[in-house]
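Okay, got some structures for you below.
Two complexes, one shared chain (subunit A), two partners (subunit B, subunit C).
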Partner chain A sequence: MRNKEVACLERKLTGMTDEALFEFLHMEIVSHVYKEQQASNGGMDNKDRAVCVSVLEGMGFRVGQGLIERLTRDSPSFKDELDIMKFICKDFWTKVFRRQIDNLRTNHQGTYVLQDNKFALLTQLSNGKQYLDHAPKYLAFSCGMVRGALSNIGLDSVVTAEVSVMPSCKFQVVIQKL
Partner chain B sequence: MSRQSNRTTDSKKMNSELFTLTYGALVTQLCKDYENDEEVNKQLDKMGYNIGVRLIEDFLARSSIGRCQDFRETADVIAKVAFKMYLGTTPSVTNWSPAGDEFSLILESNPLVDFVELPDNHNTLIYSNLLCGALRGSLEMVQMAVDVKFVQDTLRGDNVTEIRMKFIKRIEENLPAGDE
Partner chain C sequence: MTVHNLYIFDRNGNCLFYNEWNRKKQAGISKDEEFKLMYGMLFSIRSFVSKMSPLDMKEGFLSFQTSKYRLHYYETPSGLKFVLNTDLSVSNARDTLQHIYSNLYVEHIVKNPVCVLGHGLDSELFSSRLDAFIRALPYYSPRAA
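Take a look at the complex of A and B:
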């Protein structure tokens, strides 16, 4: 090579592969957490799974807090809770997953359901029902990110996710009233 | 050289922040889980290796680079294509050994360590050790056994971050991947 070829490639690279690196890192983190729990407990029962989900969710929480700090630095303050949730669905989701939430539903009493039909962290897993029982592993971190983001905006929440057909999934956010 | 709009630039920055923050959360978690820095370094290397063996396919698919003729070409591709592609930075390739089997990558900036400070009780932590494992794993998949390590680290007070790569041997057969 082809110094010319390398130079040509250098010019072509637009750096759109940042997301690939995150996705690889995320998968490896999930794998690591489950392997370690299995190794230290000699098995993987429901309690172990809960611990793994909790560890991943906790990591996501810290990341969500960090991300939202930078995102909202220059933004005006939010009108109300719905305004915040719309921000999460549009701005936050776009910055983190490079797409917007496809559908937002609410009961106007603090519960929101965010539907992403092509969730970035599930597209590698399958299209449909294969590996469905593994999906929760790959959602825990993201649930944490949403909870962390909301926490920094001043909203306490419980965030869970469910998948019925990959790569579509629904995040449920329940705002905790003080 | 970029004709990126503001939105794309912001998006790229945000994504590298996502990676940087996630990496930070990982290191923090490992420090909690393991007694000492040595063990954390080992885990980072292992995880990097696991990522590397998969990343190489992604890299080859995106870059359509053919087989490198020699180690010098490999060094160039790593610095100018791979690092640029995934980390948005191009390290310089220097300090070649006379035999041409060892070189250094000098990183002016290391995206993994944005906003990171090592606390006092982690003097032997190699924060970015995941990179070493990833390089090792990727190259193993293209039949090269290499030794990769940090010799300078801005996090530890050095002026630059320097990664030393040494060619060990060409791998003749496909070894099973996995560092368990």
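Take a look at the complex of A and C:
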């Protein structure tokens, strides 16, 4: 069942037919994962929340892997790590979220911070601090997507997201050196 | 020229949202009772209007007016009811209500994963956008007519 959802998502994202379709599906996936976890464990403590986040992240990972294959079909190979990150910030973000990353910062040692001031999955949630504790749920999938995309380009990474004032959020990518 | 208040009901009669901008006189009953009264009245008047209509009806009940205010009504295909009270200078608020539904309600409530449809709408984003929209209406002014 999970694989079918993932394949369906992939098709929607590259076709870019209707943004609302993906947004609604994403909302329902998040809600479904949390409901399932709650039902099977009879409650929702921090461990359950972590499980839900990792399930969502895993789904995003697989979607990101597939997406990057289709998006880089016709592009030349990347020069270096920074080039790859710029691709993620511009082309990848535009294809998936219909806008570019507003700010990319790096310490030139494998850590990158991508800031999106109007993150597409958070804009309808709130315009400030309301529902802040719900925000991480809706970022997990996207973190997975970035990690999956990077993984298929050849970069192992750890991707986390933080948000303090919606709809602006920061994704932190730490490239793992082998 | 002014807008007095706005109610939003769902198809089961629960009042999802209420806000007032320029209300000089309260109803004298609790808010819950007021919402029930408003919904009950709307329900009765809609069925009355459709029964007694001498011609085939298209949209049915649209608004009523008194010597001091006019009540505008808009119902969506999904059963949501928007009720807006304005003063008499506003003859047709249907477009306004339609805009509130499609650009504010759908965008900020339906697309908000945390807002459960059917419960009260407590998204601040929705309230602030709605407030800004009402205040920007050409027929709104803080002083009542």
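Convention: the second predicted complex is superposed on the first by the 161 of 178 C-alpha atoms of A that agree within 3 Å, B and C clash if a C-alpha of one lies under 4 Å from a C-alpha of the other, contacts with A are read in each partner's own complex, and residues count from 1 in each chain.
By our rule, a residue touches a chain if its C-beta (ideal position, glycine included) is under 8 Å from a C-beta of that chain, and two chains touch if they have at least 3 such contacts.
This structure is a prediction, so every number in the text was calculated from the model and none was measured.
Applying the stated contact rule after C-alpha superposition, one finds that A:Arg73 touches neither subunit B nor subunit C.
Look at A:Ala20: by the touch rule set out above, it reaches both subunit B and subunit C.
Contact comparison for subunit A: of subunit B and subunit C, B touches the greater number of residues. Legend: residue contacts after superposition of the two complexes on their common chain; A:Lys177 is shown touching neither subunit B nor subunit C.
Looking at the shared chain after the overlay, A:Tyr138 reaches subunit C, while subunit B stays out of its contact range. Of the two partner chains, both subunit B and subunit C are touched by A:Ser31. Using the contact criterion defined above for the overlaid structures, shared-chain residue A:His108 touches neither subunit B nor subunit C, since it reaches no partner.
In the superposed model, A:Val63 lies in contact with subunit B only, and not with subunit C.
In the superposition on chain A, subunit A positions 20, 24, 31 are in contact with subunit B in one complex as well as with subunit C in the other. Note for the complex: subunit B touches subunit A at residues 1-2, 4, 8, 10-12, 14-19, 21-26, 28-29, 33, 43, 47, 50-51, 54-55, 58, 62-63, 65-66, 68-69, 73, 76-77, 80-81, 84-88, 90, 130.
Here subunit A touches subunit B in the complex through residues 1-3, 5-6, 9-11, 13-22, 24-26, 28-29, 31-32, 36, 55, 59-60, 62-63, 66-67, 70-71, 94-96, 98, going by the rule given at the top. Subunit C contributes residues 107-108, 111-114, 123-125, 128 to its touches with subunit A in the complex.
Contact residues of subunit A toward subunit C in the complex are 20, 23-24, 27, 30-31, 124-128, 130-131, 134, 137-138.
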